[in-house]
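Written below as structure tokens is the structure these notes are about.
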Amino acid sequence: MNAFDYRAPRSLDEALAILQEYGDEAKAIAGGTALVTMLRQRLLRPACLVSLREVPGCDRVEATNGAVRLGALVTHRDAELAPLLRERLPVLAETFRRVGTIRIRHMGTVGGALAHADPNQDPPVTLLALGARVEIRQSGGRRELPLAELFRGYYETALEPGEVITAVSVPLLPPASGASFIKFLPRTVDDYATVAVAATVTLESDGERCREARIGLGSVGMTPLRSPSAEAQLAGQRLDESLLRAAGDAARADVDPLSDHRGSAAYKREMTAVMVVRALTQAWEAARRAVRGVR
Amino acid sequence: MAHRIVGQPIGRLDGIEKVSGATRYSADVTLPGLVWGKVLRSPLPHARIIRIDTAMARALPGVLAVLTARDLPDVLVGRRMFDMPVLARDRVRFIGEKVAVAAALDPDIADEALALIDVEYEDLPAVVDAAAAIEDGAPLVHENPGAYEGAPPERPHPNVQSVLRFALGDVEAGFREADRIFEHTFRTQLAHHGYLEPHAGVVAIDHDGRVQVWASNKMPFRLKELLAHALQLPKGQIRVNLTPIGGDFGGKGSLMDLPLAYHLARVTGRPVKMVMSYAEELMAGNPRHPSIITVRTGVTNDGRIVARRVRALFNAGAYAAFKPAPSVNLGGAGMGAGVYRIPHLAIESLCVYTHSIPCGHARSPGEPQMVFAGESHMDMIAKELGLDPAEFRRRNLLADGDRLANGHHLEHGRAKETLEAALKASDWSREKPGPWIGRGVAMTHRHIGVGFTNAHVRLESKGTVALVIGLPDTGTGAHLVLRQIVAEVLDLSLDEVQVELATTDTFETDSGVGGSRVTHTGGRAAYHAAEKLKEQIRAEAEKVGTPGASFATIAQAAARDGRTLEASYFYDARAHAAVTSFTAQVAEVAVDPQTGQVTVRRFTTAHDVGTIINPLGHQGQIEGGLIQGLGFALSEELGTEDGRISTLSLGDFKLPTVADIPPLTTVLLEDLVGPGPFRAKAIGEGSISAVAPAIANAVADACGVRILDLPITAEKVYFALREKPA
Amino acid sequence: MIRLTVNGTSHDVEVPSYRTLLDCLRYDLGLTGSKEGCGVGVCGACTVLLDGKMISSCIALAAFADGREVTTIEGLAEDERLHPVQQAFIDFGGFQCGICTPGQVVAAKALLDTNPNPSEAEIREWMLGNLCRCTGYYKIVESIRAAAQARP
Amino acid sequence: MTFTQECLIPVARERLWDFLMDVPAVGRCVPGVERIEAVDASAYRGGLRIGVGPIRLALEGTITVEEADREAWRARMRAEANDRRLGGGIRARLSLTLVPAEVGTRVRIDTDLAVLGRIGEFGQPVIRKKADTLLEEFARNLRSALAVHPLEPPTPEHR
């Protein structure tokens, strides 16, 4: 690693001020799992690291109206274990549980992972399917973005120099909904996903037709993705196996995977179809259980 | 015969240091004034070095020295064939070859210095594919390899490092006897050993010019010789201090960065530590040779093998320097014969130069490659003959008196018993529990290692015994085994025997750790030394005249007239015994037809063993080797693109985790016929080689697709299933 | 300058900004029990507890530990008495070369601290971040099970 | 890694060729090129700044025109550049072929690219994608430099 100026401000405003002062030359750091690794590989040489670790107030999991709000400094492990999340959005808690290893989950933070924008990560997949929004702050300013608009490219986000993510808020699922997350790991259990899929299915009150289905995809493009083509197959339809298969096939069109050691682009495209069907099937079953009032 | 201590499942007595973090490995050695060395590596597979400018690097604060080949003596290094420069002189031959080295106050500064070194290269045409490398007109990796010290004479093509042959009978005549002939070609991947301790070493030069070395090296005495050669110093000036090794698996027998550490120490006047990063390990360690293996077998209609020809092409990379065998090849090539009676056999193994990472020895060198090919081939033939794979094997298994590829006539062979034991324990003949589930069997056998070891035992005044040994601990628990042997012979308790680590000053020589040899050679040396001491003690006891006098009394009696009771033994076994150890393994797998994912549901491993000196360590060897075999079968592959390794971290090169291991059944068939102490055999390399073919055969049984190249990824199975005629 | 408490002892250390927690422990404080294997947070040889939670010290900056409590392998034994996990790793063959062992033992201790009686599945899930190349893991799982039973 | 890209520039082949042979002018159309000056008749030195994800590359190097065959409408050039701070660089052999199209000229670029050292460790597939976006921008800039309006979007293809 190169020598850099390390700052650990005790308030968010102070942190934002330093970030603004250094602009492009500064990097915000929280858990550091991704950033320190890239620093050690000497891929990054920032003049200043602004640690958010001592910034108070960003590490809460709280219920807001109709949503759960995760502070940016909540670790993956905290999110995985948070009673509120397990109760209101179990699919998201489960997603965090599937990230890397417990050590990494103890370090990596919710906000840091989103800012890192690695398309192979798990949480963005489920957060996309759940329609999460990110809260962004900069010195003297704040804005909010749908998560989908945060991701701009491979490891690239819409964050401007001086901006940090302070929280992500995740709407609760409507009644008669089910959700699922599938991480396809053909090599070893500690690997990144070859394909990751999160699905939500919301049924009409009749419990038959699908009002809305949302699908998030990971490891199959330059960013985490939604699958509009697959979702369009399902909205307003009576679900059955063939329709779910059609949705899986449609999802192929929305992905543009990179070939890597977890699979060729062609294989990942095929597995997208398979995993979308599996994820939808689970979400659909959960939704039907919800309709029947079974927990 | 019954033993007191031999045969007991005793926990590691060196354990307290290891479980409390007190054990000092090479990377943990710290000395006053110690500085760090880091290496700059070639980004190109083949290029001429036009110019190296180190001025900016040397000017960086905290940097003590920057060296290039110009600053070093013009010597080539190696373990057997000396073809590799310490730093690239005029040419680089693989991506990752060392071109310069920097010493600095901390590793980050040294790293920073490397980025400031300016190297101008002229690209040269490269060949990274083994088959392409031995075509006419292929770019030459070395101008005249035959001229290198230790180069084998035979060289059909200038890009051939070495040729190794095994032959029995008349293979052409044999094929004429065959009713049917089958030929298949298999490929295995480039794979790192996966030890979690990257190569590390510390070199310090004493005031008197004595060179002190601490290194993750399993052959300290050979290391001393090789260093003397590389540094052009008299052997006596070098002292290698034994340090515990954080995993070897065949990979820790070379000089690696030690000559550089020495030269930096020489120039800076400071002790120098060099520790490879894991990325460096994966880019420039000395991994297992990838292979292309063609097996051609002639059989009679009743399923008897009459002839076999095997041609193995190993991509050995840019240098032969990491291979220690006199053949500069892989002894495992002999396993092309498998565990079968093959009257007419011809095996040819070529190690080929390419502009890629130089390969070395890895646990049972060459065997996992050959056994994957041979045992997959056996199942493919059985299928064609309409025979149960186990039955086809039964009809051809080696029996006593049959000739092995190495010319020996097998003795005490228990191939059949081992196979039957594995079949029984794995419910081979039972119906499979469901669809898309399959079972596969594979076998291998391995000689008991040979070599030479010194042992010295000394009776201490308090009546205990010190065992002085020059074998470092690579993790197998060998030192405990040796203590058990000495305690057994001298009728002492384990606590009454201490292991005292030698340095390379203590003994003249020692073949070190490797090749499933330690329990045999170290054990026999310790055994005979202890026997000699026992005799002295008996004689001394008679002199003292008090029958049943304690060892302490005896030691003190001897001490009174200035004598110490001690004995040395040099055990030297050069030729392999005609006894080997058979292994039979059965994998039961499930294949997901939608994804091709292979799940090993259960695994059975059966071994024909000698006296087991420490059952805990023995089982540990079986389990560790087996899971390495599992990784080799399913997930471990160093990806390459134009000679560049693309899996540069353990995040991409995937070793199995604790959550990836299958339920395991082990069957041990003891037969007290080994050449080792108390008739022990060897186990260290017995469990790794048959795992991949057992799984490949199980996959074929489960879903009808035959994977011919390792690793068996879900993707390969998926696409094979799709192409398979319904 | 950072101030960190390691195994109960407070240290003030002057370290460059880029110093990892692992290097700080190993080279500034001389606690070489924690090892560097992969260097990217995958293998677990550098596992330590930061305020009681296990982390990868090779990808943590030393500055992260400023004002905090670090527990390393050297801090497990209590007045010369081995921690039950340490004893079990010896008695049940839970290590061979020992390079991953400090990380394995610290991780296993952290497991039993949070879950005194883990099922085999829970052991596997917790430990899957600690690679071992020697044992094939079977005896590590056995050791942890035994340690759980041995604890009062 | 080798890959082929194509884009359509709606001007006559002759005019496009003459423009493309003016390396500094073309250089100004390559996104991220800072300066580019002639070293001799066929070699040029310059600097390129590009970002791959969070990584900012500052490449310094040379471009050499190895062949410019106006009969065959084919040019071959070699680019070599290094990033001193990161330690790494790129080596590229490019072959440009101009093929007349219904409207204007189709530029076919065959690239043999090697990404060296630490930069290469970050992920080769990404760099391939990066090359696409570079070409898209390049084509856009080329059109505006030639003062024509895009008739169709560039269509990167991989073989």
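We just call them A, B, C and D in the order they show up, numbering each chain from 1.
Please note the rule applied: contacts are C-beta pairs under 8 Å (C-beta built on N, C-alpha and C of every residue); 3 or more make two chains touch, one makes a residue touch a chain.
What you see is a predicted model; the values in this text were computed from it and never measured.
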Pair exhibiting more inter-chain C-beta contacts, A-B or A-D: A-B
Chain at maximum distance from subunit D, centres defined as averaged CA atoms: C
Centre-to-centre distance between subunit B and subunit A (centres being mean Cα positions), rounded to whole Å: 43
Whole-Å gap between the CA centroids of subunit A and subunit D: 35
Chain centre separation in whole Å, for subunit D relative to subunit B (CA means): 47
Inter-centroid spacing, subunit D versus subunit C (mean Cα positions, whole Å): 51
Overlap residues in subunit C, where contacts from two or more other chains coincide: 16, 18, 39-40, 42, 128-129
Junction residues of subunit A, two or more chains touched: 1-2, 41-42, 189-190, 260
Junction residues of subunit B - those touching two or more other chains: 108, 115, 279, 646, 651, 655-657, 659
All pairs of touching chains, each written as two labels joined by a dash: A-B, A-C, A-D, B-C, B-D
Residue numbers on subunit A that touch subunit C, as the complex places them: 1-6, 8, 29, 32-33, 36-37, 39-40, 49, 51, 53, 77, 100-104, 106-107, 189-190
Subunit C residues within the subunit B interface of the complex: 16, 18, 23, 26-27, 30-40, 42-43, 45, 72-74, 76-77, 82, 85-87, 89-93, 95-102, 105, 123-125, 127-141
Subunit C-touching residues of subunit B, taken from the complex the two chains share: 11-12, 15-16, 18-25, 27-28, 30, 106-108, 193-198, 244-249, 275, 277-279, 473-477, 616-617, 619-620, 623-628, 649-651, 655-659, 661, 664
Residues of subunit D touching subunit B in the complex: 1, 84-89, 91, 114, 116-117, 120-121, 124
Sites on subunit A touched by subunit D in the complex: 38, 41-45, 117, 153-156, 222, 258-260
